[in-house]
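Below you'll find a set of structures to go through.
Two complexes are shown next, each including subunit A; its partner changes from subunit B in the first to subunit C in the second.
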Partner chain A sequence: MSLVMLPILIAFTAAIACFLTRRTGLDRFISVIASAAHTVVSIQLLIAVAGGQIVVTQLGDWPAPFGITMVADGLSAAMTLITGITGLAVSIYSLSDLGRRTCFSGFHALFHLLLAGVTGAFLTGDLFNLYVWFEVMLIASFGLLVLNKRPGTLRGAMPYVALNLLSTIFFLTAVGMLYGLTGSLNMAHLRVTLDTMEPSLTLSWISVLLLLAFGIKSAVFPLFFWLPAAYHTPAFSVSAVFAGLLTKVGVYALIRVFTLILPLDPLLADIVLWCAIGTMVIGVLGAAAQTDVRQILSFHIVSQIGYMVLGLALGTRLALVGAIFYLIHHIIVKANLFLIAGAIHRIAGHTELKAIGGLYHARPVLAVLFLIPAFSLAGFPPLSGFWAKYILIQASLDLQNWIAAGAALVVGLLTIYSMTKIWGEAFWKPHPDGPGGLDHRPIPTPYILAIGGLALLTVCIGLFPAPFFAFAEQAAADLIDPTRYIQAVLGGGA
Partner chain B sequence: MEALLSGLIGLLFAAALYQMLSGHFLRFLLGLVMISNAATLSVFVAGRLTLGQSPLIPKGADAPLVEVANALPQALVLTAIVIGLGLFAFTLFLAIRAFRRLGHLNANSALPGLRPRKETHS
Partner chain C sequence: MNSLIYKVGANLLFGILLVFSIFMLLRGHNEPGGGFIGGLIGAVAFIVYALSENIAATRRVLRVNPEHLAVTGLTIALCSGLLGPLVQEGLFAGQWLFLGATETDKGWPISSVLLFDIGVYLTVLGAIIALVLEMERHL
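For the complex of A and B:
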């Protein structure tokens, strides 16, 4: 069996196994083991890709462009590995976070179905197949979202479900139009076919539809409202995996489609650029107005998405390196911050900043573990976020795009404001109910393992950015010039 | 035939968007059904229509002898319909649960931050 299919197969098998064992309590351990296996396989895939190879499998031995192709280039392999790592951290964390009831309702089964959908979306080389993976991901995320039975969940779930369904329908329509125009669905073949065509109004409309579809998915301004409405409601494990992975699949799809299939024309690139700047600014301002830890973090997802989309809009090689670096850094950091929000909730009894406090004195270890991703998010050297922001700002300065560079810097500063707000309110000030308001039982080991592991990764990327940078550069080079990708998929003759 | 269906797709899209913007979740669902049908139809029409020729290859031949209907969009549409049905069933379930919980399905007061007028416990 090919290496490309293994992560997806592992996740699917795990989903079935977890569903069958959900009443025995075994499912949580299967979940951890499967996530670990997913990570190991992804590392192998990454090693193969880092050696300069693009790993391709033609499903059912149908040659491209007729069959469905699964492809792992630099970007796909890196995203698959990050999915595995996030999955591993969350499944370890969920050992202590979730009650038996939530497991009964099939959390682990849905969780692995979600991982399968996300991994499939990263690895597919076929546009219609991407739509199918989106739907797999979507149905799993719907299930996870409503596992929690509080009324707030429903109020958040409705806009989430509505807008995400709309986005996939836009995507499907665009796929149909593209097929009608070219007669192909294979991404590499689409590029080859479209290269022979004159730019037309139809193609622009298809671009706009795809932009709209992935824009909703990745929560780009002005299409992001569903995200802050939904992400603070489900269980902490769920919101961590959502925050880490879901919107990033949208960003991945944006980068993939608008570099490989339909490179952005100048007008659309301008629109995307302004949307990206709007996303950064509005997201961070929204976060400044919130007082709940998870709501602050949700708005910060929106803000950070802006940086990645900015990388795509600028379109230079360095900007794409920045976007890829940012994706990798952001998933780790953001999932970790949501896991920490869960730990805060467990110890202080709430995530509303007014109702908590005193965590620094009670839990110095957690405080340090919070500071690492928080500072990284804000872009403090030498953490991973610093390098990600540095590359992107450098790329905007190279293009003399002062507005983008200025916005990136100011948004970084405002991010510090939000992080200090959480720090000051949750950790520094005394708990409003006195020390009695805190849970004095020790923090569960799975919490420390998951949070500490992700924090360690953040520090590692920050201290040794060179290999990550080199890898991102190779991946970005393949995005700018997809010849290697196309040759790997279609064979030398194309 | 293609032109006729394209017109129908446009009509469906327009009607669906009108329904979806009305602010009531049930109407939104109606719009959703219509718009997903419009999307599947557009995939179907994109494959061009050939009337009355099923895509069958006669015994002993490698390729169909006459011009036959394009089978790929049919497969795609089938996939999309199945997925769409599943997602719609879920959304309907969500709407029913929301109605029981909130007592109404008005999207404007279902938005976060605004408290529902009455909460009944189920």
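For the complex of A and C:
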């Protein structure tokens, strides 16, 4: 069976199996095994595409421009693997995080449905199929949001759903216009057809609509406000997988569509550039004003999205390398920080900074495990975030774009401010209720496994960036010159 | 909702929407329509009913748990996709069976394509109803 579809099939099968066993307690172990299988298959896929190969499957044996094509190039395969790794970490973590009631209502089933949606979005080579995967993701994530039956959850879920539906309308309108213009929905075929057309007002409109659609999904300034409202209410396992993966699907879609199908024209690239800078700055300033760990981290997602979109806006090969490197680094680090927020909540009883403290003395291991992703997020050498930021700043300097480079540096500094705030308040200062305010039971092993595993990955990327850089460079080269992608999808005749 | 006009209208709409949803599901084979849109219309029928009566009544009318409906649908869709590899063809390749086919008549066609659409229909119907009923409980 084809390697490209395997991760998606595993996720769907796992979703069904987890639903059927949700009352027996077996579902959590099925969940871990399935995530592990997802990861292993993704590694195989990554090996298959290493060196610039492109793996293609035509669903239902319909040839390319007519049927749905599933494609794995460097970027897609890397994103699929990172989805598997995040899934594995979260499913291990959830062994201790979730109460039986949450599992009863089908957390693991929805979780794997979400993984299926995310993986599908990364692997599809068809624009309309991308919409279908977005819907799968939306239904699963909305289900996960309302699982937790606290009143605030639904309030946070509403703007999330409303804005995502709006994004869907923009997306579908753009897809309809593109289909009317070219008669095709296959991404590779769209590029071939559009290359023969003159630039027109219609095409610009399509670009703008797609920018709006994916901009909402990825929480780019000024369309980001739904994110901090939704991400701090659900269970910690849920918010970790949201924080790691959901917005990044939007960023991936931006990168894919605006390199493969419709390369940005200079005016739009300028607009995207300013939006990216706005996203970075507003996100980090918003974080500075927050005092809840998860709220701070939510605003930092927004700020980090800015870096990735900046890579796309600059558009050079090095900038795209930076964006891809950033995507990979960010998913690991951000999911990990949300998992740590869960550990903080378990030990200190809260995530509001004023109400907690004393974690450094009580839990030095957790403190070290927090420092790794936190410093990586801020861009300390030699952690993964340093290389990601370094590549992007280098790319801005190459283009003599001083503002972008300056913004990236200043936002990095302000990120340190937020991270030291969490450090100082949660870890350093004594707990306001004295030592009695802390839970002195040992940290559950699954927590340590998940958090430690992701932290180890961060350190690895930081210490040995060369293979990751080489891989990102190959992937970026294929984005800038999609000839081989198009040939792989449409065959030699195109 | 406590309105006589809405209640009478809802009862009428309920049946019409359900029939229309099945029509959309079957029509989707060669024309616009299909399992997804059919499932959405079917879910709207139950939402209209839920607004005019209440959640408990809607669950009674539905007879089965909407979550079970969704998972059954997902299983059907997945299995129909796996039929292809079973006969050494591509994933999701349509499998056709012509009942009573003769030299001149192609008989009564049955396909895994329709099976997939029915799966999608049930998945969407079940998932949307489950979500809406859950939200109704909160409001």
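Keep this in mind: the second predicted complex is superposed on the first by the 493 of 494 C-alpha atoms of A that agree within 3 Å, B and C clash if a C-alpha of one lies under 4 Å from a C-alpha of the other, contacts with A are read in each partner's own complex, and residues count from 1 in each chain.
Heads up, the rule we're going with is that contacts are C-beta pairs under 8 Å (C-beta built on N, C-alpha and C of every residue); 3 or more make two chains touch, one makes a residue touch a chain.
Note that the structure is a prediction, hence the values are computed from the model and not measured.
With the two structures aligned on subunit A, subunit B clashes with subunit C. With both structures placed on the common chain, the touch criterion links A:169 to subunit B but leaves subunit C unconnected. Contacts of A:229 after superposition: subunit B is touched, whereas subunit C is not reached.
For subunit A, the partner with contacts to more residues, out of subunit B and subunit C, is B.
In the superposition on chain A, A:154 makes contact with both subunit B and subunit C. Once the two complexes are laid over each other on the shared chain, residue contacts for A:19 go to subunit C alone; subunit B is not touched.
Once the two complexes are laid over each other on the shared chain, residue contacts for A:139 go to subunit B and to subunit C alike.
By the document's definition of touching, of the two partners only subunit C reaches A:61; subunit B does not. Once the two complexes are laid over each other on the shared chain, residue contacts for A:403 go to neither subunit B nor subunit C.
Contacts of A:180 after superposition on the shared chain: subunit B is touched, whereas subunit C is not. Clashing C-alpha atoms between subunit B and subunit C turn up only in stretch 95-103, chosen from 5-13, 23-31, 59-67 or 95-103, once the structures are aligned on chain A. Residues 132, 139, 142-143, 146, 151, 154 of subunit A lie in contact with subunit B in one complex and with subunit C in the other. Listed in rising order, the residues of subunit B touching subunit A in the complex are 20, 25, 28, 32, 35-36, 38-40, 42-48, 73, 76, 79-80, 83, 86-87, 90-91, 94, 97-98, 101-102, 107, 110-112, 116, 119.
Considering their complex, residues 128, 131-132, 135, 138-139, 142-143, 146, 151-152, 154-159, 161-162, 165-166, 169-170, 172-173, 175-177, 179-181, 228-229 of subunit A touch subunit B.
Those residues of subunit C that touch subunit A in the shared complex are 36, 67, 71, 74-75, 78, 82, 84-85, 89-94, 127-128, 130-131, 134-135, 138. In the complex of the two chains, the subunit A residues touching subunit C come out as 1-2, 5, 9, 12-13, 15-16, 19-20, 57-61, 106, 109, 132, 139, 142-143, 146, 149, 151, 154.
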